[in-house]
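Two complexes come next, and they have one chain in common, subunit A, joined by subunit B in the first and subunit C in the second.
On to the complex of A and B.
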């Protein structure tokens, strides 16, 4: 299709789902005002959820969901081989998402509990980048269609791709949302990467950190703030561990505490 | 001439999640017709163990990207039963409005983007934007309205935030609600055009007698809570849901199967319409009449039409709900919650059928045991047996080919609008 009489560069896109709820794929069909334009700017080569005719001639792969079975590892590797650009879309693809919570349980026992004596194949949940190299990550549960559109605009027109270094709190201030801490509620806004326009606090729920950490958050100050406001340390950590984006921070904390405990024992 | 047919669909397209179809007809004899779910298991019931009650709704919403509002509603309702919490009337109305928004969103998505391409000879709805721009625009308009409704009422369309244990986090602004109402009024005309479009579609003629399970509408067409009821006459209270589901594990499926009075039963829009036909809004019933959809309809392809009928129902009911809500814009929407040890069960009619959440809590408000039974889990056996009957009935038709049989089987499965990743939670 021509635009201003010029043939456009249309990225050939494949959309691929792994372990997850397919909510991120649904977002691609949302934002209806620009849906026609979005679909005209790209060539959908493979998108099983919306098409029964799927090819393999794509150069951009949008991958959503986490990896939790050996056949998914193989399928993902094949996609990586074909794609010039691989985008991890959503918190499951970027961090493992809520699926990662299962890693805290004994999987054989979990299997017995759900499937009895007919267990199904499974393995610990991994993010996409734990299996293959990822070129670009768009976290979020679900992903924001705006951000996917910006990737397409970048590919088609070389428009700059914005990155969000600042935390979510700024976006609440921009839209005049009253801080959830003022309601006595916990919110991960001070440490979470912005870019979603903070819909959850506006809807009456403190941030759960689905987009992972902002650039260099002040964790010490955040832990001091939540302690001062009387939030149970366990509850704060559980929330940070919910989508997997802060797992490295939590692991570091635990290591530090173990070290301190040993140190205390010696003292 | 004897017929030999071979169909192998690996990861069926235009459905949510991963399922396979396999059909073999050798010398006129059906040797195999299978519907298998191969989605990766996620173990939500295990992940729920030890979780705080404020987490349960947020976690279980992630079971499904399409019916996350329904999961959240079932989750908070189960928790409220366990804690003995009664939500304010305005919160109940807001929840129903969010539910209607989700029903419209999900049905429009299925009808136009997943099902319609089969009837129009297309592989997807994407070409519609060029060959039938007015249909594409209409579908986009209805879908946007439904999504905006969910955003306004539930805070977000996918993975809602305002639906919380104790009620709803906030009452939407009156003017925003009135704006939605005027758009809903305009949607009545869009749906009239949609009905005209679907009347041009050729619905395959196929019937297989089965049992239909749904909530029982005692005051209105049922969506949230109430007694559970089957067309074979089985009836139970919400808390006795296990007597209606009878889940079991099969070798080839990562989703479980269910049965009640027969080898399989069906849930979803067709089950609801069959079981609660007289509770439909008169305007919705009028649409059913146009399509000769009357109880008991045993043609699974008519589930598409039942969804269309429900779209009309929820649009009219949403207009009424908004009128009631704006009369009392400062109404309380939340009550305080005090956790206690106990068990709670909730049943909610989500777009694809009846959904159950069942939680057992300790005295600190943490989950000890959880069980979720998903509509598509309940439908899988029925889809499988339908597939067998469909192949038997259609195999001998003149001019039957592998391609034609593959299309028919795929259309049958799509008619159920399966939510496969949901069924393998």
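On to the complex of A and C.
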């Protein structure tokens, strides 16, 4: 169908959930004022939150949830094979999310803690891109529907994809939000990718980094400024580790410190 | 300029009169910070009591009421093969009460860019003309350096400017509409005693400045220190968060994007204030980036403040309010950066 002489596609979309709360999928059914238009711009082939259809002729797969079981790996690979384009949706799919916290523990112990004497098959939690190639990522816990719409508009019209290179602080400023650090609270805003419109600081909660890192955050300065303000190093790292988006930074940091510790022992 | 004496109870009547027909923006205490100090912001008020003219400073300038952080420039509606554009400049008349001299000077600088330069902005002009400004003198905060920037005194750019003489205001009247409005309350002529009291307050303001920056050869020092290590030192600290530019009363750089509704029937051209410290500020078509490191981005912010703007408009862009210095989590303060530069050049 042409509109203003531009060809408009109607992507066939399948939505698939893995380990997660399905909150991102609910978010897709949110924003009622444009929901009708959203659903008619695409063809929903498989999406259990809004339709009982369960087709397999999709060309775009929206995947939410982390990968934490061997059967999920197989299912994801199958989806990847069918889909021309795979979008990881939400912090779990993009980074492993809250589920990833278990990776810091012994797997059997974690299994016992959660399932008692009915253990489930499990494995260390992975993000989607650790299993199959990912074309687009929409981070967030949950995803922000506006951003999903922009991605769909890209698929339909080739409109430019939204990019948020800068950290959250700018969006707090746009909303006239008082900086959480003013209240003596910790906030990951200065290192976290914008694009959510900063609802948490505006609602009185410092950022927890669910959207992962902005482009080229200044970690050194962030660690320095949080230390200066008296935040315990471990508390800052735990906050950064919560959604998994900063895991690579934390891992690098620990490696460095171990290296330094060994160095100190030798000295 | 005309001067009058306005008793405080008459000022209240005046504000209530303005409130009847206009949106009124004024400093409002909205919270208490970790140090137990009240936090103020310029926000809409609905009664005289909501306003707190004892405020010391605001985290944000009142810039957003002239240059909104996000603003719709126009909308498009598509129908068939055709489309229509609509533009809305009109805004409700508004009053801002309690602006500092440096904040009004900031507006005068923006006027030069958006009213008097080659490309006047109808959006800015409509807001500026429709805003009634009541300024208010204050004893400077310790970190303010507006005296260095010559912006602690303001002689135009407002409708009324008040100086607090404890039981009464010494009022400077600078517009017809302000003059007419004052006819509706009781004022009296300025007596010698008022003038003495006024000048005494002005002296206290002048002598109240604790922070000074060297400005008279600053543009040259900036050129001489273009490759200075000072930029590395402060640039390495920069978080690239853009907060400095956001709270600055004069930073006006922006980006424009188009947003389309989900039914693809309407589009909006959205302007968003941007900051030269943001990582993708100078990224252009083809992925080229002519300011890819943060030290250069920070440096060029200072260049625009104290050199570039001066070349174009004959005065620095900075008004010395130090909001950027306070909001910066990394502690980058103009007074410290400029001091470093001078020490480097000795």
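Operating definition for what follows: the second predicted complex is superposed on the first by the 253 of 267 C-alpha atoms of A that agree within 3 Å, B and C clash if a C-alpha of one lies under 4 Å from a C-alpha of the other, contacts with A are read in each partner's own complex, and residues count from 1 in each chain.
Here is the rule we use: contacts are C-beta pairs under 8 Å (C-beta built on N, C-alpha and C of every residue); 3 or more make two chains touch, one makes a residue touch a chain.
Note that the coordinates shown come from a computational prediction; the quantities given were computed from them, not determined experimentally.
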| item | value |
| --- | --- |
| Clash or fit (per the criteria above) of subunit B with subunit C on subunit A | fit |
| First, second, both or neither for A:141, with subunit B first and subunit C second | first |
| First, second, both or neither for A:120, with subunit B first and subunit C second | first |
| Touching partner for A:165 - first (subunit B), second (subunit C), both, neither | second |
| First, second, both or neither for A:44, with subunit B first and subunit C second | first |
| A:98 touches, of subunit B and subunit C: first, second, both or neither? | first |
| Partner chain in contact with A:218 - subunit B first, subunit C second, else both or neither | second |
| When both partners are placed on the shared chain, which of subunit B and subunit C touches more of subunit A | B |
| Partner chain(s) touched by A:242 [first = subunit B, second = subunit C, both, neither] | first |
| After fitting on chain A: smallest Cα gap, subunit B-subunit C, Å | 10 |
| Where subunit A meets both subunit C and subunit B, residue numbers | 40 |
| Subunit B to subunit A touching residues, read off their complex | 11-17, 40-43, 45-47, 49, 52, 55, 58-59, 62-66, 68, 109, 113-114, 117, 123-126, 129, 133, 136-137, 140-141, 143-144, 147, 151, 154-162, 164, 168-170, 249-251, 254, 410, 421-422 |
| Touch list for subunit C against partner subunit A, complex | 30-31, 33-34, 39, 41, 43, 59-60, 64, 69-70, 78, 81, 83, 236-243, 246-247, 260-264, 272-273, 275, 278-280, 283, 294, 327, 329-331 |
| Contacting residues of subunit A [partner subunit B, same complex] | 18-27, 29-30, 32-33, 35-36, 39-40, 44, 47-54, 68-69, 72, 97-99, 101-102, 105, 107, 110-111, 113-116, 118, 120, 122, 141-142, 199-200, 202-205, 208, 235, 238, 242 |
| Residue numbers on subunit A that touch subunit C, as the complex places them | 3-5, 8, 34, 37-38, 40-41, 149, 152-153, 156-157, 159, 163, 165-167, 169-170, 173-174, 176, 178-179, 181-184, 189-191, 214-218, 220-222, 224-225 |
